[in-house]
Amino acid sequence: MPELTYREAVRDALSTAMRQDDDVFIMGEDIAEMGGSMGVTAGMLDEFGRERIRNTPISEMALAGAAIGAAMQGMRPVAEIMYEDFLTLAAEQVVNQAAKLRYMSGGQLSVPVVFRTQGGAGWSPGAQHAQQLEAWFVHIPGLKVVFASTPEDVRGLLWSSIYDDNPVVFFEHRTLYPIKGDVPEEIEPIPLGRARVHRQGEDVTVIATGRLVHESLKAAEEAERDGISVEVVDPRTLQPLDEETLVASVKKTNRAVVAHEAVTRMGFGAEIAAVLQYQAFDWLDAPIERVGAKFAPLAFAPVMEAFVVPHADDVLAAIKRTVGKG
Amino acid sequence: MATEVILPRLGQGMESGTIVRWLKSEGEPVEKGEPLFELDTDKVTQEVEAEAAGVLLKIAVAEGEVPVGRTVAFIGQQGETVPDVSAAPPQETEAAEPRQDARPEPETEAPQQAAVASGNGRIKASPLARRIARERGIELSAIRGTGPDGRIVAEDVERAEAGAPAAAGAPAAATVRLPVGEAQRVPLTGIRKTIARRLTEAWQIPVFQLQTSADMTRVNALVARLRERDPDVRVTVTDVLTKVCAQALIRHRDVNAEFTEDAILLHPSANVGLAVAAPQGLVVPVIRSAERLSLPEIAAIRSDLVGRARESKLRAEDLEGGTFTISNLGMYAVERFTAVLNPPQAAIVAVGATEDRVVPFEGGTAVRPTVTLTGTFDHRAVDGAPAAAFLQTLKESLEDPGLAL
Amino acid sequence: MAKVEQRASLAKSELADVLREMLLIRRFEEKVEERFRAGDLPGFLHVAIGQEACAVGVCRALEDGDVIASTHRAHGHTLAQGTHPNELMAELYGKQEGCSHGYGGSMHLYDVERGNMGANAVIGGGLPHITGAALAFQMRGEPRVAVAFFGDGATNIGTFHESLNLAQLWTVPAVFVLEDNKWAESTPESQHSPIRDLSARAKAFGMKAIKADGQDVEAVYKATRQALDHARSGKGPVFLHLDTVRFSGHYIGDPQVYRDREEAKALRATRDPVEILRERLAITDEEFAEVDAEVTEIVEASVEFAKNGTDPAPEDALKNVYA
């Protein structure tokens, strides 16, 4: 099987779609010669030209809004928002417009746009360049939200997002761009709304997203040495959520830990915990644990950043608490 | 020095009994051999006699379930000091207040402790633990939790069911010192509730009882002879009873019966159940097709079943399919008694103690080991005459065991 | 809307029809005010009485395939784009027969078939969509133009600047129509803008600006044709600055305490687009009355249609969330 980095996998999905389909194009800041702030679109200007790899001024509202406008006319634009934090600037168009156009028009319109963005802590990006805001967008009816954590997943899911007729907020994680992984020879579209079980286990289910999938797998290895068998599941699509897989896993193990890099309080994990509590109440042998960032903006100093953000040992501690060894 | 009155072990496998009432009061003089108190063991209440003479100085346990060996009273001379009961107990006791040092074996701690752990009377148990307990009829209040904060988790419930005997209903009474006169609450276990329900059902069936006595001389001799020949097998009188009943049931098929809404079922084979006192209550394991088994075979099966019953390790299949039950209290000083039917079976025989009686014998009198058998029959399925004929066969086969071959 | 002829200016033969159309909008809006006050209509309503020439003049100039996006004050634009009064009134009444099937209401009127990409409750919300639509037409090589309506208040918001900047940067076929009625809700232009001539904003982006009297429908039409030609030919977007008057308050029920009554009355007397055209056409009172009766009947019929319409099932609220 070929191996791609997460970054290359994103590029591959974009390029393959653009080669096959004139309706797909990308707009974003610094995506042309520079190849994007994270290097995702590197080389694509040469292949596809300026018409379809469009640098925009620093105007997130127009960037998002024009993408929406083009999508309303039947194209499939991919708007790259440089940092997840800047989604806040584009939010009016994403939330008030894209999410609701189909609904308000009584079904006349569809908005097949993808808002691609990246975020996350690591290497001291500072408070305004490191947020994980998926909880904002899963809360908006009309949006789909995806957060893949492996090269194979990000490629297959981006493809499906481009070809979904709904607006999709597609989160990538900055520290995952360099990780390598096996991918199928040809792009295999991964349907939105399907979780992936990375690791089977019997004693506790860890539901994790983004960077925390990898941290959870590390924690699971460690837990294994302590005789705790851990199942790790990545929902991959946050909206719609694969409740069936998550609930079935927790019914099997009777314990759950939800882990994400975003701030724990009022985070996406709270929704998962509520869903599990409701659908698997009589199967729970321990309260559901949540692992996430502490309730503070992200500090600049590396020691403070490390303190706020969750790591493998936080997941491990949560695992142990669920089995009563915490 | 005052003599301790302990709860006697009246039979193999008896672990506890319930003191129903005292027949003597504190301060009353007692003769040796005089009935002192009434003791409930499984289905029968019997009197326990005093083993010493003197004055009943103190009643330590007025009522309730007591483990075998526990001191329940003191007999001595007027004015003698009576030791503090709590100093003497044969096993660990807990005061009513929870102890601070955690014990490694949860089974020995007072169940009350688990129940009040949460502080406001609510039992802390995980949803999963509650569900398991609910589905299997296990009382949470009797379980000690090993989860965080004393929470009962699924494992605790599973363990309790598997029968750490104390956890399954071992009496708080064993470990709590109560002032005389106060009633002691023994929470109903699931099994006790089941027993209560089934016996109440049985009580509503129209039954009649027939009684006969049998000379057990030959049975005793047979058993002795068999043990001599095969010491490892240890055939007992119960095994002989089982075989004899099985034969009689085949001979009198209309007693090996079951009443149903639209028909009386006559079973083809005699699956004989034996009433056994298990730690959690009465159970009746079944020896299937006993009519086809030899005495050593019956003995082996019986031994295995009773052993597992005592360890609460019987499986559902051990308890299913019985067509007849033998309830034997012959090991106690019970002359005769009437057993309650074990539905849906149409008949049960109650076996009293084999005791030497003076009986007419060959024109004169003799002292012969005699047993009284009382059969209880479901009149909807069995009439008097067939029941009597059955009982007659039993008597004849016991008096001449060769007839049951 | 099929265009029989595309000329630089309105033909004389068309003008009677144009008058009729403006009067239809007028009567429709008056009826909406009446029905709102009677308690028939839920939600927020903003009528465009006095701005009929802008709507009709611009929309008449469009060709097949051109699209518009509108503001919260969208009834005139919607009717001018060809949505039948029945469908519009039914939407205001929240019925299934409404153009947005009851999902949108006054501020979210959509008629995609007729090139209406929607009214918008967010000031400036639709502007980037027009930039994007024009971008799509350009990328596909289609000879279509995307037209945005907005008010003077919207020239201050971020999307205005970003959308016009981007449109000019990429030279997309768009026309941005400013219906400058000098009021942003209750705030006069002098209090919301540091400059008096809002065309300067377009020039700041290097965008061509055309000005016209928004109360003169012929002038509006002519200016729009120029703008469309410019955009359609690939020369880039145009800022069309129409000087107009809002006779009514910001919303129905607005007592307009902020407005000088005498001034408003004077404006009504001299700057009514319907009257201006009527005079120019020199039609008789009888002829006018006849047209008036005709359009009034249509409007009344639309109310009947709406009142007899079908309420959506409550559970329909869960449909159309996702494609």
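As written, the chain order gives the labels A, B and C, with residue 1 at the start of each chain.
Methods note: contacts are C-beta pairs under 8 Å (C-beta built on N, C-alpha and C of every residue); 3 or more make two chains touch, one makes a residue touch a chain.
All values derive from a computational prediction rather than experimental measurement.
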Inset, instruction - Please indicate the chain closest to the centre of the assembly, with centres calculated from CA atoms only. - result: A
Legend entry - Farthest-lying chain, centroid of Cα atoms versus that of chain A: B
Legend entry - Geometric centre distance via CA averages, chain C-chain B, whole Å: 94
Legend entry - Between chain A and chain C, centroid-to-centroid distance (C-alpha), Å: 41
Inset, instruction - Just give me the whole-number Å value for how far the CA centre of chain A lies from that of chain B. - result: 65
Inset, instruction - In the complex, go through chain A and note every residue touching chain B. - result: 254, 281-286, 321, 324, 326
Legend entry - Touching residues (chain side chain A, partner chain C) in the complex: 22, 25, 51-52, 54, 56-57, 59-75, 77, 92-93, 96-97, 101-110, 112, 141-142, 144, 164-166
Inset, instruction - Note which residues of chain B are touching chain A in the complex, please. - result: 126-131, 146-148, 153-154
Inset, instruction - Provide the residue numbers of chain C that touch chain A in the complex, in ascending order. - result: 67, 98-104, 108, 110-113, 117-118, 120-122, 125, 127-137, 139-140, 146, 158-159, 161-163, 165-166, 169-170, 319-323
